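Letters are used for the chains, namely A, B, C, D, E and F, taken in the order the chains are written, and counting of residues starts over at 1 for each.
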Amino acid sequence: MRPSHRQPGELRPVTITRRYTRHAEGSVLVAFGDTKVICTASVEESVPSFLKGKGQGWVTAEYGMLPRSTHSRIKREAAQGKQSGRTQEIQRLIGRSLRAVVDLTMLGERQIVIDCDVLQADGGTRTASITGAFVALSDAVAGLIASGKLATSPIREPVAAVSVGVFGDTPVLDLDYLEDSGCETDMNVVMTGSGRFVEVQGTAEGQPFSREEMDALLDLASAGIRELITLQQQALAR
Amino acid sequence: MRPSHRQPGELRPVTITRRYTRHAEGSVLVAFGDTKVICTASVEESVPSFLKGKGQGWVTAEYGMLPRSTHSRIKREAAQGKQSGRTQEIQRLIGRSLRAVVDLTMLGERQIVIDCDVLQADGGTRTASITGAFVALSDAVAGLIASGKLATSPIREPVAAVSVGVFGDTPVLDLDYLEDSGCETDMNVVMTGSGRFVEVQGTAEGQPFSREEMDALLDLASAGIRELITLQQQALAR
Amino acid sequence: MRPSHRQPGELRPVTITRRYTRHAEGSVLVAFGDTKVICTASVEESVPSFLKGKGQGWVTAEYGMLPRSTHSRIKREAAQGKQSGRTQEIQRLIGRSLRAVVDLTMLGERQIVIDCDVLQADGGTRTASITGAFVALSDAVAGLIASGKLATSPIREPVAAVSVGVFGDTPVLDLDYLEDSGCETDMNVVMTGSGRFVEVQGTAEGQPFSREEMDALLDLASAGIRELITLQQQALAR
Amino acid sequence: MRPSHRQPGELRPVTITRRYTRHAEGSVLVAFGDTKVICTASVEESVPSFLKGKGQGWVTAEYGMLPRSTHSRIKREAAQGKQSGRTQEIQRLIGRSLRAVVDLTMLGERQIVIDCDVLQADGGTRTASITGAFVALSDAVAGLIASGKLATSPIREPVAAVSVGVFGDTPVLDLDYLEDSGCETDMNVVMTGSGRFVEVQGTAEGQPFSREEMDALLDLASAGIRELITLQQQALAR
Amino acid sequence: MRPSHRQPGELRPVTITRRYTRHAEGSVLVAFGDTKVICTASVEESVPSFLKGKGQGWVTAEYGMLPRSTHSRIKREAAQGKQSGRTQEIQRLIGRSLRAVVDLTMLGERQIVIDCDVLQADGGTRTASITGAFVALSDAVAGLIASGKLATSPIREPVAAVSVGVFGDTPVLDLDYLEDSGCETDMNVVMTGSGRFVEVQGTAEGQPFSREEMDALLDLASAGIRELITLQQQALAR
Amino acid sequence: MRPSHRQPGELRPVTITRRYTRHAEGSVLVAFGDTKVICTASVEESVPSFLKGKGQGWVTAEYGMLPRSTHSRIKREAAQGKQSGRTQEIQRLIGRSLRAVVDLTMLGERQIVIDCDVLQADGGTRTASITGAFVALSDAVAGLIASGKLATSPIREPVAAVSVGVFGDTPVLDLDYLEDSGCETDMNVVMTGSGRFVEVQGTAEGQPFSREEMDALLDLASAGIRELITLQQQALAR
């Protein structure tokens, strides 16, 4: 039995709220249960220096947690003077995941910066971030089309993410904090609307995992992500 | 006429939402019009090293803005590797303002850390932060009393803050971003429930200001803060 | 009775020594009693990047304390790898105070950098810095005029600063270290030759202060600053 | 055809040289073709502060590249003042991979620090690092046993790592730099002697990958790691 | 002919002013011509952690230049966030030079921190710093003896420093900025009262130097330092 | 008797291995006994900004030690976020030493960056670095000539370095770690093929040293460097 009393393949209640704040070109509050993340997309009419004059755009991401988004307060990274390894790992993952579904040449010489800031954490902040960020990115791209800066969308297909893990002996979907802490294996899966993988990151927290466990986890994640992509499409249709 | 069409002495609509996030001992979303700040209070059962063994507690504050809380994206301070002078100035102000109404000896050897994170900025983020932070602090203290860790409250009286400025030739209350940008003089006032000042910070942005203007601004601020303190009390009574 | 045996409205002996060091375009040693600060003004024929091509100049300031300017040695900020919040607050204040009396458009596309370095501290380092910095700035501007780079002075009027505070129950002028440590309220006032305020920063160190106390402190500061401006003019006339 | 003219499932020539430098408790030069990494294991008789008094040890890793280990010189991270996100990601991966096969309680309150420094890079530096680091760790543990500090080895089983990717349409093993640059998908796999996974990190560089491709890559990686573990055992037996 | 019109073996006018500032246990303004440095000695009743419990003291030094001590303004190291390599090299040299004449065991478990801050630079700041620092150190030690904390002085003999160089083809003593810029070879020599060397640092700026030049430079430096030590003793006798 | 049982004027076995790694334009492993350093030379077709458009090139150096090159592990500077004062001192020395034998105008507007990374330390890492770096630099220059980018070599003559010290009462050549720790005086000498000095850095670790000792040390160093230059020439001839 999961601590959350959910079925093995059951997502937490997921809500995706668009236009959450006023200034950003895309602004989404995504909630996976008690995990809540603001994802904003900012359009900048320039590209990083390594891309100057190459005729293509860029999508990048930054991630942060409010100091008291967690059970006990974590130190503010701005006050510490650096981002932790975990933060950098997550923001690199978010950026790669989004770039995988965007035709950067079609985007033109502009950059879309995604900021994912965790208001409240209860496990799965990186997967909620990717899932919400895709919606914010879609809104920013829609704005570029509406304003005539882009003729057609450079987004090839949707992308979303979920965590899976082996809790007890059972593979389960969308781990909350309690389940995540109790898991032997933890896997984050990023998948597109066409069912292909962008990232698969499995980590044995305790016991290494077998090929059979891995297969079961991937099945669970694929089904969960299909549900998330439906929820993204519903949010974008509203 | 103010850009906001408000009367000179009229506050923006103010809302104070308690228990906004789950983990913090006090968690408040404060809105001054379109300015929205999460203020959390975290209780830590230890004090900074300069107070070890002195038989008193401490209240301190940190402040940050989400990168896209503003019209155009500002760089993330955690990625920059340092907090700006403005950020440090504001967080020092918030900390001093709250300490002014707390009996630190009565608090015991513990620290309350206030985090003010701006979700959306439209002028007055520091005054909204102080006003919301007082409510978060009150909730954290109430929790200490409820759990038997404190017998009586070390909070002596409420404290709140508002900005005032000379717009055109008229002194006006609670400047939004447009008004702030167009002001000759900008003053932030922090005042207690008993009508005494904790901080008065007046700055001539353009023209230096006369003693008469200063007097008018202080009158306006005093009235505005009295309203804010009533709103704090109503929120705390809910 | 003040520890310094001064009358409530009495400044410490103030000396302003011009041409204190050789290389700077303006170089002033200012002493407010035992507080001694070197203020230099450096003219740079370029502006910060945010002003490039805008047809105006800039005045900015940096502040530091020699490690043993104080009773016990403070850590060298260069060795610590960052400037403290207090340092940044002070240098921002000095810069704003000087810009308030300079017509930046008349200055042309150049920058004047003020460096205030405290050789010996005994309270009031920021007010002595502003008072000395104005004289260094004046010398630098005079040099620009003498060399034909400027036709007329962009300085609109003099500016000086002083601290005031409530010591015991008495409002007193120009706090030294002992008085500052014993004060309930501490206010720094920056005022121009025409008697208008550029900055008023009042802080309750212990007890919040009443409107009446504030009024008395402003009266005291105004009189003190008028004296300081006379001393500046005498120094500049030598 | 692979640029390296290897068969799809063929490793590069792998050499593992023990006792490569004098001072470290374990010191290994590992070469995967032209990729050469020094892996040292340093035994420290203390644990990081978060483990003090918990009766267990720790294994951690740091990673670096010599500035000219690469085709064109990369900036020295020590001179830059920080480690890149990539560096942190890799050193966290190495540390987790080794901890997965060590019983930290049996290790006692001591820490083994692994340093992986790349002398020459030609793709696969992180997988070569893990593979070499395991041998250095084994030598350090053997030293603890020889000196009587440990009675039995806390190492549960060997661990090694390899990269796989889809080059053209063919899944291939152990990518060198040229192949890595030309790959659509890149996966790093860390597996134990018993054939269970510790880490699986698959990333779509260009096209997202299908479940079938993933399965083929895992098969290839499993076979490659079995070979690498044999080579580790032969090196340790010398 | 030297630009300064001095004889090859002639020092600039040297002045050593004791008790220059109030708070430090030793405070000296040293001038070598237009080069002016404040040297303070601060006594701290603790030692760095690497010496705790070893029954000996420590002498260390820090060095800085005021931003406008130089012809054109140099960036403030505190604002840059780090000390330059040159700064670190100089402060390490000052510290070693003083430790060479102090019996650290006799000093007891305390530290004397020397701060050398350049008010005005005209070549030879490091040699002026060492020469002045020795006098500040002597005053601090005298204070320890006067207060009964030390019975006898741990200073074994005086130490001073001077620069020498080959200007044109002539070896000259005590280079000012103009001479230093025009020199082929630049040597800093630190010597004790008994005529033994503590540091000799010769650097070919342009042409490498011969053994004969080196011998001539050492002769010149030895004579110069003997003069400086006489000046130190005179200052200490006042 | 020296701990190493060498004669006073006897170098350790020195080996110089060219083309040690693949990518750099010059790559040398130099060993002075158990001290082993990789020296690479990287040619960059641009110069630092302070030399842009001046029609000359630049040679600079960076230095590092692998964390476990030493008896006990030292902290990785990249993880610490800064280079130590010692590191900066050494890399500045290496850079100056090489520039002393290169005609920077003949080099053209390009930069050669030397990286010296210590794989194993046993005293004399800076002198081994300089000696090896000269060979790497020579190979890089030969490459520029071979590719037609340079017509003739800008290298005027060879340069090498060695340490000398007074061990017991005997001046000895090329100190290893044990001897270095036991020395009263330590001197690093950098000399050219024509027997002229580029750098002489003598430091009294314990007792200050006399002029006679200094003379004896310079004699010893000169003879040692002549041997090293012969070894460099032999290596370059292979």
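The rule is simple: a contact is a pair of C-beta atoms (placed from the backbone, for glycine too) under 8 Å apart; a residue touches a chain by one contact, two chains touch by 3 or more.
The model shown is predicted, which means the values in this text are computed figures rather than measured ones.
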Pair in C-E, B-C or D-F that repeats E-F, with over half of contact pairs matching by residue number: B-C
Gap in Å, rounded to a whole number, between the CA centres of subunit F and subunit A: 50
Subunit A and subunit E: spacing of chain centres that average the CA atoms, whole Å: 59
Centre-of-Cα separation between subunit B and subunit A, whole angstrom: 33
Per-residue overlap in subunit A, given as positions that touch at least 2 other chains: 81-82
Starting from subunit E, with subunit F taken as the next chain, the full ring order: E, F, D, A, B, C
Touch list for subunit C against partner subunit B, complex: 82, 85-86, 88-89, 91-92, 96, 100-101, 187, 191-192, 194-204, 207-211, 214, 218, 222
Subunit F to subunit D touching residues, read off their complex: 21-24, 27, 34, 36, 38, 40, 42, 44, 62, 64, 66-73, 76-83, 87, 113, 115, 117, 119-122
